[in-house]
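Note that the chains take the letters A, B, C, D and E in the order they are written out, and that residue 1 is the start of every chain.
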Amino acid sequence: MQEVLFLIPALPLMGFLILSLAGRHLSKQVIAVVGAGVVCIAAIVTIWLGINFLQAPPENGAYTETLWRWMSVANFNCSFSFRIDALSLVFLFVITFVGALIHIYSAGFMKHDRDYARFFASMNLFVCAMLILVMADNLVLLYLGWEGVGLCSYLLIGFWYETTANVHAANKAFYITRIGDTAMAIGLFLLFRELGTLDIPAIQKAAPEHFIKSSPLITSIALLLLAGGMGKSAQVPLQTWLPDAMAGPSPVSALIHAATMVTAGVYLVARMHAVFQLSPFVMNITAVVGAVTLLIAGCSAMVQTDIKRILAYSTISQVGYMFLALGVGAWSAGIFHFFTHAFFKALLFLAAGAVIESLHHEHGIFKMGGLKNKLPIVFYTFLAGAAALAALPFVSAGFFSKDQILWYAWSANGGNPLLWLVALAGAFITAFYTTRLMLVVFWGEIKTDISEPPGRLMTWPLIILALLSIVAGFIEWPHNLMHVTLFSDVVQKALPPLTEKDIVPSEYIFQLIAVAATLTGIYTGYLLYKKNTAIVAKWKEVPALVGLRNFFFSGWRFDQLYHTLFVRPFMFVTSLNKQDVIDKIYTGIVSIFQWLNGIFSVSQDGSVRTYVISVLIGIIFILALQFFL
Amino acid sequence: MQSYSVLVVAAILFVLGLLGVLTRRNIIFILISVEIMLNAAGVAFVAAGARWGQPDGQVMFLFILAMAASEVSVGLALVMQVYHQHKTLDVSKLNNLKDDIET
Amino acid sequence: MNYLFYISSIVAIAATVMVITRHQPVHALLYLVVSFLGVAMIFLSLGAPFVATLEIILYAGAIIVLFIFVVMMLNLGRESAIQEKQWMQPKTWIGPSILTVILLAELLLLIVMGGSTTIPQQTVDLKKIPLSLYGEYIIAVELTGFLLMAGIVGAAHIGRHKKKYLHRFLKQEEDAVHFSSKT
Amino acid sequence: MTHQQLMALLPFMELATASIVIILLIAFRQGHTIIQIIGFLMMCLVIFTMWYVRDVLPQAIMPLLIVDGYGALFTGLIIFCVLVVGLFSYIYFEEREENPREYYILIFLSTLGAAILTISRHFISFFIGLELLSVSLYALIAYLRTRNNAVEAGIKYLLLAALTSAFLLFGMALIYMDTGSMDFSIIAKKLDSSSPLFIAGFSLIMVAVGFKLALVPFHLWAADVYQGAPPPVASFIATVSKIGVFAVLLRFAQELHLQSNHSVMTIVSAIAILSMITGNILALRQQNIKRLLAYSSIAHFGYLLVAFLPGNSRGVEAAAFYLIAYAVTILIAFGVMILLSAKDKDADSLSVYRGLFWEKPFVAVVLSVALLSLAGIPLTAGFIGKFYVLMAGVEQQAWLPVIVLVVTSVIGLYYYLRIISTLFSDVAVVIQKEKSLHPFFYAASYAALVVLVMMLLGFGVVPSIIIPGIKQFLLIGN
Amino acid sequence: MILVWLIVVLLSGGMLCWLIARWNPMAAKWIALFAVLADLAILMNIWLQYGRGTHTSTDTWMIQYQTAWIPSFGISFHVAIDGLSMILLLLTFFLGTLAVLCSWKEIHNRTGFYYFNLLWTLAGISGVFVALDLFLFYFFWEVMLVPMYLLILIWGDKNRRYAAYKFFIFTQAGGLLMLLSILSLYFTHGAKNGTYSYDYFSLLNTQLEPATAKWIMIGFMIAFVIKLPMVPFHSWLPDAHSEAPTAGSLILAGLLLKTGAYGIIRFVLPLFHQAAVDIAWWAMLFGVIGIIYGAMMAFAQTDIKRLIAYTSVSHMGFVLTGIFAFREIAMQGVVMQIVTHGISTGALFVLAGMIKERLHTRDIEKMGGLWTSMPAMGGVAMLFTMASLGLPVLGNFIAEFLILLGTFQANVLLTVLASTGLVFSALYSLRMMQKVFLGPTTSGDKLTDITARELIILATLSIAIVLLGLYPQTVMDLLSYRLH
């Protein structure tokens, strides 16, 4: 069983190698078969492996496989080795399965693109890197995957590189995530210095023994790792890259910037729970970051006009929920939300992609409209996704996962009423903007002509994902309603147990409030964008509201802030010193000598008298020397 | 007679010759001044010889004499050449050889 | 003898001062003769009659005559005197004078610091001079011969007066041009 | 004078005879070539004799001279240089319409002077040797008297040389007054090292020596004279004259143990430091190769003084090796210049050398090697020389001069590289095809250059082929 | 003796190239290629013989050869290789081969002399890596200088004269100080032990006064950090790199800089251990300054070769920091960095050369969108850009990671600062990629993508960098031959 672990990342890697080396000479069909095929096989292998895993759990809760010794210096050893436990398995499943669907979708979506091979190569590489990330047995290998997905994200955001803005967006994504990565790397150094190992199981084991709980040391380690996670998962304050990352093709947004890569931070925090648990302070920080992020991003999502940006902000916001869950100690809830979110957000992006593709690459939602009848499959699937996003009670996967988070935000040991309140507000906001999106895009009158409806390659994945968006939640029910805990049972094996507060109000009340918030949100959306659109028009004349709207629209002006704080000064300093001041020192020395040469040359004026005077001065000097010695 | 008094006289003569070299423009004068300096050195030698009661000082003077003679002969030949080529004996006109500072 | 030394020293120094300040070449040369005579007297006072004689014969006699000969040959007279006069402004000699005075001061200081012994007032035996010349210093004398030869050969070559020719074949043409310009 | 003393003096006598022979040849109206060949043979004879008589060394010819290994080494070097200079002179003068016959007399006489300097141990021989050298040089510098500025260079050299000779004499007189002898070894015995008269005397002697070696601040003549003099004469000044004078200075210092005299060492260090700095800075932007070489030689003798400072055997070896390397290098540089000189104009402007590599690769490479040697880059003798000198300096822990040496060498690199980069620059000047040299001259001068370059590289890569020889020579008489 | 042959092959090959090019320039190329390949083969053979097996003997030196050279000074021709030398020599001949290949078409004139200089530079470099006599070391140190100078001077770009001077004078200035230090060490050692020798092994045992050791070490250090280069002494590098021909840049970046690092590891640390420990903090600080300063400079450049040159400054900052951390992990990282930087930066220079060959400009403002016409080159460029910014899988990551991991144990603050280099490297690398290969297409005419010869060069480099990233242990084992 364990011997095939390497196949899972190796298959996409093979696809990448074939496509990148020989891609130019292959026909599009072959490319699509190779590109999507390897991921499908990987998915099959994963599922087979998963079934085995569930049926006969390995002894220590994980499959491991060591490929080769990577580095071994002094006391530092690390290998190319994989390890799959329940947590990894969830991620593996999502990555390969959703990945496979998205690849299939892409085969249709990208069929007119010139760089078909490059697209699939990058996608395969991404899958490979992401798989390594979640399968890594040690943090160095995890870091390898971590950076690898960053690279692929960069490559794919800038896929249409001929537009400068896309390239800038790609760079931005890379830069900002790199900041987080660097922090994480420093965290690794610190961990290694303390524990002398970077193997994950070893860390899990050694950390509680070695560190004193809440000591500054463990806090800094956890903070640094968290910073890494925040960069990758677009959490405040490192969230600004994700909305821009929508410059990439929609399948990319679906795969990387919704389903998988942005949740790498979640994975990291969950994976390193041993470290995080030792520092309640950092746990709190994580929760607060999540809460703040979900609110900020949610507000921005409310006013966006670009369909993909709305989804992007909503992604940030949903990942914020996951962080919140992790922060309060509801580990499995966070992962569960990741699980459901992967389906419905991927679905939403893919569907949005289909919409955009059909509307001649139109992104603005106010230029869409009335697509309900024109693109029925897209509409219904989108609806399923939107319902999940808005957490429509009982009929969507999103409801089950989000409800858990809301509940634990208050009731878990790290929970807090304030966090709950924020999460609740977030739920309302989410419902509101989802409704707004649906109404504007699919109802109303047609504003842009439709070219061709998406083909079957594109619709089938949509349908599968839509089904999953509805049913995926059923594996885990709130325990006061129906005791189904299939998901947490599995995941819990790899995660610490949840501890709840002793005294909490009844869970039903919370569920009711949450449902109410969602429904209110949906109604508000309906009110403003369907029933009585005049209200919005009226608001547009109030300067304060317009200001607020612009503030939200620009993502709370984080970009401008960073621009003035970091980018501009950096550009200024570098451009100031383009010619290298240090070089001036040397050119200065040279000029001094040239000047001296000029001075000395004056003595060579060809006059005998000068020469004699020089002799005279010389002897005077030499004789004078005697008197001073 | 003290030895230093002779040396003082020799030094004065020597320095006067040097002053002559510095202040005169005519090459002939400069040569003359050099002769004065050589002569001053001769005085010092003879004085030193006298002090130690040796003939070496005077012998040295003879060599100085010979050297002065040969020097003057070549020197004057050069003076003639200079005069023929430059039509002047002004030493400050002889400055074709010098550093040309490039800019 | 001491008086002889001091008087002749004063004469020599005074005459030397005159040498370096005269404008007329011939005047300067005549003062130079006086200076040499003074030096000869100093030699005499130091008990070196032989070199005193040589000083008069060779320096005052031969070398000065050589100078005078050149001065006459080049016809340096009034012109050169005027030129020197223009040149001998205070600004030209004041700087060098200061420097030379410093040098003199340093030399005198070192000489005086060097202490003094009395110079014996006796003539070095005249015989000793030729004996050492042709005894231990014989090689030096021979070399002096070569030195004089170098002087003669050098002077003979340099002093030879030749027109500037680019090439020997051009000589005749140039002569022709020269000739035509004269007529 | 004993037989052995005569034997020891034989090479010097042959040198003297050579000048007489030339006079006789001139008297019998022999041509340039004959004179050249005879002169060449005489030189070879001198070297041969030197080799022949080495067994009787050391021989002191009291009180003036001592022919020991040290003297023989430097005399040999001088003769070697003259041999090469003579060859170049032949080529040079054959091209020019100037009667070159007296030239050889003067060359022999000045060589004699320099050779005497290397073996003198007495003020009188020191003085006579120096004067013999200088008086001949006056005439040699102005030898091409009809050429522009040759006479100017001659008169400048004459006036200053005579002036500094007066200083030399006065200095000698002071020392004589102080010690009662002009014999180096007796002076050493009687010397009270802190005697003011001696210090004054030595300072005045340093003026003359400094002048001849073109040390700062007595260096100002050098560039003008190099520029005005014919290249063979300039190379003669740069090598023979300086070697001779340096040899006598070194002997004087060794005999008197001057290196242990604090004030003397201060003077010498000061001069060395000033020379290194001034020479290199003056050369920085110089466009005239002759002047540039003059400036660089100022710096090089500053370096050499660093080897002079320790006063131990290593210092002497270093100086000897450095002088050998320097002489070979300078001869190459001037040889190339002579080879490239047009009839009416010496190849002293840097523009002549532009792109030379593409026109005459061999000559350019040879010149580059010489320049690299001057700059002290490995594979060349100049490197080993500089290394030797540094070694001597470091051993003595003369840190200030050593540091100055290093820093100024770096500055010096600039102008050597400037020439090299000119040689390799793209724009090749169309060299006017004048009457080219006779093939024989080409062959001869090329052969000479090849030999010199082989020496330069040989000493640079395998210095062992010469260092033991130097040591052996220096041991004779010690 | 085989080590002498390594150098002799290059030297004589160079001479032969020069001589034969008069008649047949093509033959010169083949001779050059053959000479370098021959050396590579010889070295591989040695490696297989000595390097692979588990070394049981305590002797860390694989091969030694010693013969008298200048006995009167105590100088011998002493060469030897251990793991470190072996790694660097392999790198030398590897990059040397590529340098010959990438000059194949670029150099049209004076081919013979060109290859002469190229091979002699390589000979000097290999000499530096094997010399165990300090004099010999210095000798080779300078020998590699002159031909490199000529390479820049003759075949360089527009401003080549200036660059060549600067390169030469900077290096020579450091070299002379090193010479002074060598001499001081020689005499100090001689005075203490009575034997005067330049031999590495005998000098190793010199007991030095702390003050003396400090001064002598500073002389060595200055020479090495100029070559490395450390920041205030780096200013020769951008000029030299940007003006040199492609092969010149390749050798400069790939090998010449490494001699500085090698010198520190081989000489400074063992000879003056305590003194080195004393200045460690400062050295690391300057390393960190170099990392950040170089990166910022690289970000500002518009000349592609200058940009890459400044990245070298930044990367070499890691080397300096790593060496003075005095941790084995960091040291392994340093050696990895030496190797991988040689390959990745070398590759970038090769790419820059290829671009310049096609566009006739080095100004990145005039480039853009080259991916469209040259996807293959773009892909390779992307690979090496990523290598340069330290992406895992590629060798540079291993190097930088190990260095930082090691230095972290020595000094937390400086390591944190050094780690910001990771961010900065992303800044300049991606900017370069964006300006050159991405963005709107500017060049109207169709450009040819890489040719077969270029493909060989780039593919070799790419494979090397990936292999180093995945199996760095090979290099590490080789090095531990020395360390243990």
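Heads up, the rule we're going with is that a contact is a pair of C-beta atoms (placed from the backbone, for glycine too) under 8 Å apart; a residue touches a chain by one contact, two chains touch by 3 or more.
Worth saying up front: this structure is predicted, and the values here are computed from it rather than measured.
Hopping across touching chains, the smallest step count from subunit C to subunit E is 2.
Shared contact partners of subunit A and subunit C, listed by label: B, D. Chains joined by the most contact pairs: B-C. Comparing the centres of all chains, each the average of its CA atoms, the largest separation from subunit A belongs to C.
The most central chain, judged by C-alpha centres against the centre of all protein C-alpha atoms, is E.
One simple way to say how far apart two chains are is to compare their mean CA positions; for subunit B and subunit D this gives 25 Å. Centroid to centroid, with C-alpha atoms defining each point, subunit B and subunit C lie 6 Å apart. Once the centre of each chain is set as its mean CA position, subunit A and subunit E turn out to be 38 Å apart.
Between the CA-based centres of subunit A and subunit B the separation comes to 94 Å, rounded to the whole angstrom. The residues of subunit D that reach two or more other chains are 124, 128, 131, 135, 138-139, 142, 145, 151, 154-156, 159, 163, 167, 174, 177, 196, 199-200, 223-224, 282, 285, listed in rising order.
The multi-chain contact residues of subunit B, meaning those touching 2 or more other chains, are 3, 7, 11, 14, 17-18, 21-22, 30-31, 42, 47, 49, 51, 54, 56-57, 59, 63, 67, 70-71, 74, 78-79, 81, 91, 94-99, 101.
Taken residue by residue, subunit E touches two or more other chains at no position, since every residue touches fewer.
Working note: touching chain pairs come out as A-B, A-C, A-D, A-E, B-C, B-D, C-D, D-E.
Listing the residues of subunit A that touch subunit C in their complex gives 613, 616-617, 619-620, 623-624, 626-627.
Here subunit B touches subunit C in the complex through residues 1-9, 11-20, 22-26, 28-29, 31-33, 35-36, 39, 42-43, 46-47, 49-51, 53-59, 61-63, 65-74, 76-81, 83-84, 89-90, going by the rule given at the top.
Considering their complex, residues 155-156, 159-160, 163-164, 167, 196, 199-200, 203-204, 206-207, 210-211, 216-218, 220-221, 223-224, 262-263, 266-267, 270-271, 278, 281-282, 284-285, 411 of subunit D touch subunit A. Only residues 20, 24, 68-74, 76, 80, 115, 118, 140, 143-144, 147-148, 151, 154-155, 158, 161-164, 167-168, 170-171, 174-175, 178-179, 181-182, 185-186, 188-190, 192-193, 570, 573-575, 577-578, 580, 582-583, 585-586 of subunit A touch subunit E when the two sit together in their complex. Subunit D makes touch with subunit B in their complex at residues 123-124, 127-128, 131, 135, 138-139, 142, 145, 148-149, 151-156, 158-159, 162-163, 165-167, 169-170, 172-174, 176-177, 180-182, 223-225, 227-228, 282, 285-288, 291.
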